[in-house]
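Got some structures for you, see below.
What follows is chain A paired twice: with chain B in the first complex and chain C in the second.
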Partner chain A sequence: MLGQGILKGLAETARNFFGSYINKDRLTTVQFPEERLPQIEATRDFPFLVYDGTDWDQGMRCVSCQICEKECPPKCIYIVKSADKKPDATGKPQFYPARFDIDISVCMSCQICVEVCPFDAIKMDVDFELSTTDRFGGLLLNKQQLAKSNEYYNKIHPTEAAAVDAALADERAKADAKLRQAAEAKAAAAAAPPTPPAEKTVVQ
Partner chain B sequence: MPEIIDQIFVLLKHWLMGYVPSLLKPVVSAILSVVPVLLAFPLLFAITTVLERKGLGRMQNRYGPNRVGPFGFLQPMADGIKSLTKEDIIPRTADHLVHLLAPVVIVIASFLVYAVLPIGRNMVIANLNAGVLFFFAVGSMVELSVFMAGWSSRSKYSLLGAMRAIAQMISYEIPLVLASIVVIMAAGSLSTVTIVNLQATYTGIFPHWYVFTPWGLTGFIIFMIAATAESNRCPFDLPEGESEIIAGYYIEYSGFKFALFFLGEYLGMFATSAMAITLFLGGWAAPFSFLTWIPSYVWFFAKLLALICAFIWIRGTLPRLRMDQLMNFAWKFMLPLSLINIFAAGVWHYMPAGASRWLVVTLVIAVACVLLSRGLRRNQWFHVRTYRFAS
Partner chain C sequence: MSVLTESTIALSSGPVTDPGASQLLEVSMGPQHPSTHGVFRMDVSLDGEQVVKLKPVFGYLHRNHEKIAENESYLGCMPYTDRLDYICSITNNWAYALAVETLAGIKVPERAEYLRVITGELTRLQNHASLVGFLMQDMGASGTPLMYAFREREKILDLFEALTGARMMCNYMRFGGCRVDAPAGWLQQAQKVIDAFPKFLDEFESLLRTNEILMARTQGVGRVSKELAINAGLTGPMARASGVNYDLRKVDSYGIYDRFSFRVPLGEFGDVYDRYMIRLLEMRESLEILKQAMREIPAGPIMDPGTKIRGFRPKAGEAYGRIEAPKGELGFYLISDGTGNPYRFRVRPPSLINLTVLEDMCLGRNVADIVIILGSVDIVLGEVDR
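After this line comes the complex of A and B, so read on.
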């Protein structure tokens, strides 16, 4: 019969039409701003700078090595290296970024800056609601806007952050051990040879 | 009391006309008749767009628009504001005058045909004695506007779309007109008002709509299929197939001109639906004699909305046809069937009333339908395609 398939199709669409009013499970749409699907852990959009502790400026892990600036394919990172040094997380004196800007209107979310960072200082954020009314200034994020705590990093990417924390703790322990060794050696050196200088004086 | 409610708009117009000096009477009378139509049908267009989007959404298990206003019913206002504030881009090499005129012509053509459509009892702008002819003559102005748009844009997509549209519209206009001829034969008049008046009588509680005869039903179905093709709606939306030629003949239009095309297309759809109602579904007449207390214009708009819902339902169901399927269907099925339908209507007219003519006419149409559909199917043979030069 001509038109049999059409009638079958009409019955199917009618079933969907009325079914969507009766059975809410049929509707797959998530009503976005009110309802949200949980983000998967690998979600990423723009980079941010991780800091340890509570003070965003003091605890910043970035040592201003500028590798990310050089590697960035669209060149959206701008860093000004500091003139002085301050102790980093491990207590070693390091440079720090006097200025660190990322233009997220240029950023292409490739994550290369994260891959190359030897200090685990730059990581990918998941915050995507970044629209502003000022498309030039509003999308150029400065150091303070980029700085986010390690706790926040642990919250958005738990597995990755735990691995980073473990590695950093390991490094810190090693550095501490080294420091202790050096201190011990120094102490030993300081304790052992009180005589030679005396000898020296004797010689003199 | 029901008579007064039924005639309230007519009485209101007469009462207003009493205050108008006789010199201005023709002009004011025309304005008073035309302005309600110019307001009612664009409003219906706005309602239809939101209904269509919500209905299609539900058929695809989505919500459809539900943000602007209660249940998304103010969405057309937002759409209108959006299209008004958009930049109006005209291609540099386009024919500016024709490019500007095309959307205007389509809207004018779509509005003109409402002149002969009886919206209610005694509610028609112009009772022409060749009303049906006027309808089809003015309705074919749409083709002109489509080709103006396609040609003046100077884009290959729009030209392709326009060529498809012209081929399709001309092909389907023939069954459209031939399907309506059976009603003209039965009514013996080209006046839409006379045709509706003939259908607004009752035997017992049942009305004399032409759709309740075998030839009338066939004619109605052919008319509706042809009307779908005529208004470029799914499954006959080849001229504007989004996946093939993006938007067809109005690809180079933006902003409010695009909205005008949209408006013109929907107004054309309403007009052909209203014509189908006038010819086959008894116009403003109530479906049962005990329901005549409901005002005639309510019945007209109820029938119109029902047909619009059918259009939306079809759009949500069927995929787009291929060009050869479209043409085969028009010329190998619709055209012969509508010719046979005219013959059947003639047989009906000359046979004595009773069960025998029902049997004979139904048989004629059914046999024709089966044979023609078999003829359509015969050419559907599938084989592995071989490429002579590639292999």
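After this line comes the complex of A and C, so read on.
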């Protein structure tokens, strides 16, 4: 029958239109800037640097090993390694990036820097409203712009961040235990009665 | 006083410079033409409304993919493969991972194989859904079928985002497995999408299968004979619509495809309507595979523990890995010289090779038919130009 296709199409459209008043699942779009869909947890766009504590410069986890710089496929990371060591959030002296730039106009959000980082220092952000009128300077992020706190990381990727925190705490506990053991051994050695090597020195 | 001769005003050789002999009109369709699905150009010579000659011109999106890959590490090549056929990044990852695995002899854990099948078949669903939507759009059904198709595609893209972090540039697979395991609740969510999908297919089919405009526009248009399909090296739904029984999931049974029972739909006439129907039927078969995979997926590791992702150096040799991508046979040919980056990296893109028969399909047809014939080939220019 001629015109059957049109009638079928109109019926389908009507079903979807009126159905959207009854069934919320049929409403597939939202009024974007005012109304927003919940963020999916695994979402990623551009990398940022995680810091512990409150001071972004001191607490930065990055120790400037430059693995991410080497592995980055489009080579959008630029790192200058420091000449000296500075105490990090736990007080241990570490190298730090004297300069850490990411050109997010080149970055392709592939997450390889996150995958290869042995220190859990670089993670993926979810902030997508990044438009700027300055396309060169505005999209070249420096160390301070990249630094975000561990609390922020916990907020945007809760599951992943909890796992990372647990692993880091575990590592630190192990390192502490090792240190304590070494210290105890030292103390025990010091408390022990005069040892043969000491006698040897006397002989010599 | 010199007379302006014909040769001084000639712009190109061909029918246009010969105004006396015929009345052919040369039209340049593209690269900004909305029906070309990207930046693709066709130099069409027309006799009235009929196509006499068609010359495809591509390369506008050439990005030097193969040469870039030769200067990247094996891991660094992976995100670039996402950009080939940007609709189905996961199957691109899979083909590349398969090539590296063949090269280095890596075994993939069971769960990773299942995750690959599930994400690969979801990719096929969303690719075919958007393709049939776009085909309707090319035919003049502006908006409605495409929006229905995109509504379904959106659900699958949400699944991809929850699993891999990105909707299109997934960068999901690694040689030796997959990058991340499915998060809690993901499989249930995927099951929900898979269960709801047949409803969309039924809706779509009842809407369009017997539509008189669709049938008039597509039946008998752009025919490819079985012989031509084989000789031109067509693969995927294009070849199967012409009756060539060639599906790499059956021929190679790569991964774990030999464990699933599914049928390969075949066309009879090789026209646009057959190619359209093949896609709809393939979606149903993909759903069958997905149902079986979701039922059987085991627990376990997702990465081969012996494989080093960073600083990966396979021994010298060569390998070809191919899979049945939604568009046809997608192959990666790798030569390794034992260093950290491939010595040669070659992509066999299904879109480009399926496009080679475009002139044969269009000759003698009207201009309006070119648009739907091109639409039924299912090309993505990221893959054609590389």
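Following the convention adopted for this analysis, the second predicted complex is superposed on the first by the 163 of 204 C-alpha atoms of A that agree within 3 Å, B and C clash if a C-alpha of one lies under 4 Å from a C-alpha of the other, contacts with A are read in each partner's own complex, and residues count from 1 in each chain.
Just so it is clear, a contact is a pair of C-beta atoms (placed from the backbone, for glycine too) under 8 Å apart; a residue touches a chain by one contact, two chains touch by 3 or more.
This is a predicted model, so every value here is computed, not measured.
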item: Partner chain(s) touched by A:Ser109 [first = chain B, second = chain C, both, neither]; value: second
item: Chain A: partner with more touched residues, chain B or chain C; value: C
item: Which of chain B and chain C A:Leu27 touches, first, second, both or neither; value: first
item: Which of chain B and chain C A:Ala175 touches, first, second, both or neither; value: neither
item: Which superposed partner A:Glu41 touches (first chain B, second chain C, both, neither); value: second
item: Which of chain B and chain C A:Glu71 touches, first, second, both or neither; value: second
item: Which of chain B and chain C A:Leu140 touches, first, second, both or neither; value: neither
item: First (chain B), second (chain C), both or neither touched by A:Ala14; value: first
item: Shared chain A surface residues [contacts with chain B and with chain C]; value: 2, 9, 12-13, 28
item: Chain A residues touching chain B - in the complex, by the definition given at the top; value: 1-2, 6, 9-10, 12-14, 16-17, 19-21, 26-29, 31
item: Complex contacts: residues of chain B adjacent to chain A; value: 55, 58-63, 313-314, 316-318, 369-370, 373, 376
item: Chain A partner contacts - residues on chain C that touch it in the complex; value: 72-73, 75-80, 82, 144, 151, 154, 158, 161-166, 169, 171, 179-180, 183-184, 203, 206-208, 210-214, 309-310
item: Complex interface listing, chain A residues touching chain C; value: 2, 4-5, 8-9, 12-13, 28, 40-44, 67, 71-73, 108-112, 115-116, 124, 159
